[in-house]
Amino acid sequence: MKLRTYALPAVALLGMVAAVHTVRTSDRHLAAAPPIAPPSPSPFERQIAGAGIVEARSENVAVAAPSSGVIVGVSVTEGQKVQRGDLLLRLDSRSLEAELLQRRAELESARSELARLRAQPRAEDLPPAQARVDASRVAVEDAQARLALAEAVTDRRAISTEELSRRTFAVKSAQAELATAEAELAKLRAGAWASDLAVAEARIAVSKAACERIEIEIDRLSVKAPIDGTCLQVSARVGEFAMSGSTTPLVLLGDLSRLHVRIDIDESDAWRFRPGSAARGFLRGNSELATELEFVRVDPYVMPKRSLTGDTLERIDTRVLQVIYSFSADAIPVYVGQQMDVFVDSPSGRGKQ
Amino acid sequence: MIRIALRMLVGDRLKYLGLVAGLAFATLLITQQGSIFAGFTRRSGSWIRDTAQADLWIMDPQVEFTEDRKAMLDSALLKVRGVEGIEWAVPLYKSYVQARLQDGTRVVVRMIGLDDATLTGGPPIMEEGSLELLKQDRAILVDARDVDDGLRLRRGMDDEGPRELRVGDRIDLNEHETVVVGTFRRTREFFWDPVVYTTYTRALRMAPPERKSLGYVLARVKSGHDPREVARRVEETTRLRADTSEDYENRSMDFILAKTGILPNFGITIALGFVIGVLISGQLLYNFILENQRAFAAMKAMGASNMLLLRMVFAQVLFAAFIGFGIGVGVTAVVGLLLHDSKLAFHMAWQVPVFGGIAILVCCLIAAAISIRRVMRLEPAVVFKG
Amino acid sequence: MTTTAQRIAVSCRGVTKTFGEGENAVHALRGVDLEVLLGQMTMLVGPSGCGKTTLISVIAGILNRSAGECTVLGEDTSSLPDRQRAAWRGRNVGFVFQALNLVPTLTAAENVAIPLLILGVDYKSALQRAAVMLERVGLGGRIKSLPAQLSGGQQQRIAIARALVHEPRLLVCDEPTSALDHETGHKVMQLLREVASREDRALIVVTHDSRIFSFADRIAHMDDGHVERIETPSRA
């Protein structure tokens, strides 16, 4: 009796307990997975959020090949500190060196030519000319003697007038002969012509300049550090062909004494930015690694946003104001090229100033 | 007298059991259907609840529900981060992509891309592997439970038969090869397509190129700020839609309900349960009172006031309602426990038993109201008539 | 010995009762004059439809009279509002119905306890008092029995116990023996005389069973809505 009376209420109560249990268990939803790293929290009450990329203080110097050529030597490694003027790498210079040899030979030849000109007259050429002068002089004397003989004969029958005039001409002819020989001897004695010498000297200068140009060009193939800094990236390998004008630098140099972060601020937020505002940068992946940033400058040209995702198909959708802040390289373990979440304080919030 | 009333009811086994059974059946119908309805509506928001790291969901203003893809410009993320009261904000990608399994099985999957640095918004429970493994190259996570319907090697490789996906398997997503590095469990959703998780940038690489790619921005509100107020501020400054998780869940649910006609379908069944409850309990209760009307009349003659009789009848009705409801809701609950985590969308929200109880109560009160008039009008003089 | 005036429980003068109106009006009582004394058993006898039941309904405060005067235990019940009249009935009147009207799903004790429970006595003490009462009517061993498990005479005793459990000053019995055989009826009437009769209680028994007339102190013969005559049978 008792059991029968209380059986149904008991079942009903049990049912309700089951319902409460089911309600409670089915209301339980799966707990949300915690992010593996907490996202960067914004440190200011009102702020401008920007994506920043870390770069060296000097900006990143991309050292490129001065001309195309095969790389024959790389004398730096990544991370190596270099002084301005230190050799970074060398390109193949053999063809230029070959040309230099040729140019040098040409210079030598020009020099010999000048020496040759300078060495004139040849000593061996003088005695025959002197002899010819002497012979001519003897011939003049002989002719004069014959004329004198003839003139001494008063008898005009013994010596015809014709003979006399002939002897007179013979003297004049011999004298002319002598003058010629003497002139030739004098010309011989005077040596090379000055203009020829000038031409020869000019030719030497041209050859010398050509040699120097090639030497400079050979020197250019030894790429040297333009600044003091650290090798951030060395993509040159011995044996590779370096294209001049290629976009990938052979060596990326940067001055890491202090790091800069280049922050993209959306153009729609640009009006809120005040130069000199406080800013805080968070390392992606660990929002606890954060550093205060020091204002450096604003690039006053609002440029198309460079996508950081690197997808070439991505199109430019906004323009950004680039703002540069700096921070100490020791502040956080960060590398050049790394992205940061940056929050810039925007105390004014909204409205005009 | 209440005790006497109950003893009267319980003593009449046939009617008592009939009444209880009728009410239990009505309760079962109402709460069962109500639970399944609640299950469907709740499933429409499973993903939002599973992704509970965020307080706010920022999306294109035209997004209607969770599977709606209307992407925003990438710059929206930074704009959201700049809004006062936002603690943090991360991007989230979600889109349908074509998947091709190693054995050639082709499936459409939902690909979710998580913020690369923090992997915020990941699946709730990892079965194998860990969320961090997503940082590996070409890594994806697949649903451990979808294996039996969605992401499953249906033909099987070489000589082995169909099998589930496991860590190390390769899947082509939009012709990009990916590697399964882990499996996860999530709450079942209204939509059935399998889900894969990867990182945001990888998702962008695999997705067809689009001008706009950012599906959602998930944001956390700084403590001390009212999420709705911050949401309003986000909407004002970004011209995007910002919902709290709760609001987005409701909006998504409303849209699905409106589009699918689930509401009238279940509404009809629930109304049917209600009508059956009223009919059965009304009929039996009326019968019971009719049978006992001489006893009631005698009591009236013996000095019982109408108020007392009213109380007695209500006690009987409420008792029957209690028993019937308890049994009905208990059966529903047990069925619910057995069906837990199955394909059937069963969710016994607290509203289901509460409103089910109210419905049974109302239906009993209607039944009682019909019968009570007889008792009230009863002339005690009838007792002297043989 | 108290005076007659003090001993009058019910006093009716020209009581009429009409059911319905106009042509359909039924005149159940056409001017009844009756006095019922405390300490006595008054029997109302007469043919069916003579108005006996209507009269006891009026006396017991279940029906309102149409005209005349009727004072019951010093109270004119028809002047009371329904609620108070019900409460008055609960306190002062005990009923033994012709059909008994026992609740079939309740035990004997529970059935007996009903008047007490209506009066607001708590369940436990009501049941104790009901048990005592059942003892007095000789059913001490059947407290937990259901009416259906008992014989007609036993059921009638339960009904009597129920009518007396709250110590009413007026006991109204409607055909208490009609469903019983002669012997049982006799026993029931004996029980009534033994258990119910008290100096400060009036008993009204409606019956047309002439075999029990001998139990009455006074017999009022009714016919057609009138009390024809009152006789006082000589007691054995």
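Letters A, B and C mark the chains in the order given here, with residues in each chain numbered from 1 onward.
To be clear about the criterion, a contact is a pair of C-beta atoms (placed from the backbone, for glycine too) under 8 Å apart; a residue touches a chain by one contact, two chains touch by 3 or more.
Everything numeric here is computed off the predicted structure, so don't read it as measured data.
Chain-to-chain contact here is organised linearly: an open path runs through the chains from one end to the other. Here the chain pair with the top count of touching C-beta pairs is A-B.
Averaging Cα coordinates per chain places chain B and chain C 64 Å apart. If each chain is reduced to the centroid of its CA atoms, chain A and chain C end up 131 Å from each other. Taking each chain's centre as the average of its CA atoms, chain A and chain B sit 69 Å apart. Touching of two or more other chains is recorded for residues 10 of chain B. Taken together, the chain B residues at the contact with chain A in this complex read 10, 20, 31, 46, 49-53, 73-75, 77-82, 84, 86-90, 115-126, 131-132, 185-187, 201, 204-205, 209, 211-213, 220, 222, 322-334, 336-337, 340, 346-350, 352-353.
Residues 53, 56-57, 60, 62-63, 83, 86-91, 93, 95, 97-99, 101, 103-106, 110, 113-115, 117-119, 123, 146, 174-175, 178 of chain C are the ones that touch chain B when the two sit in their complex. The part of chain A that touches chain B in the complex is made up of residues 5, 8-9, 11-23, 25-27, 29-42, 45-51, 265-266, 268-269, 272, 284-285, 287, 305, 307, 309, 311, 313-315, 317-318, 341, 343, 346, 349. Interface of chain B with chain C (complex): residues 1, 3-4, 7-12, 292, 294-295, 297-305, 308, 380-381, 383-386.
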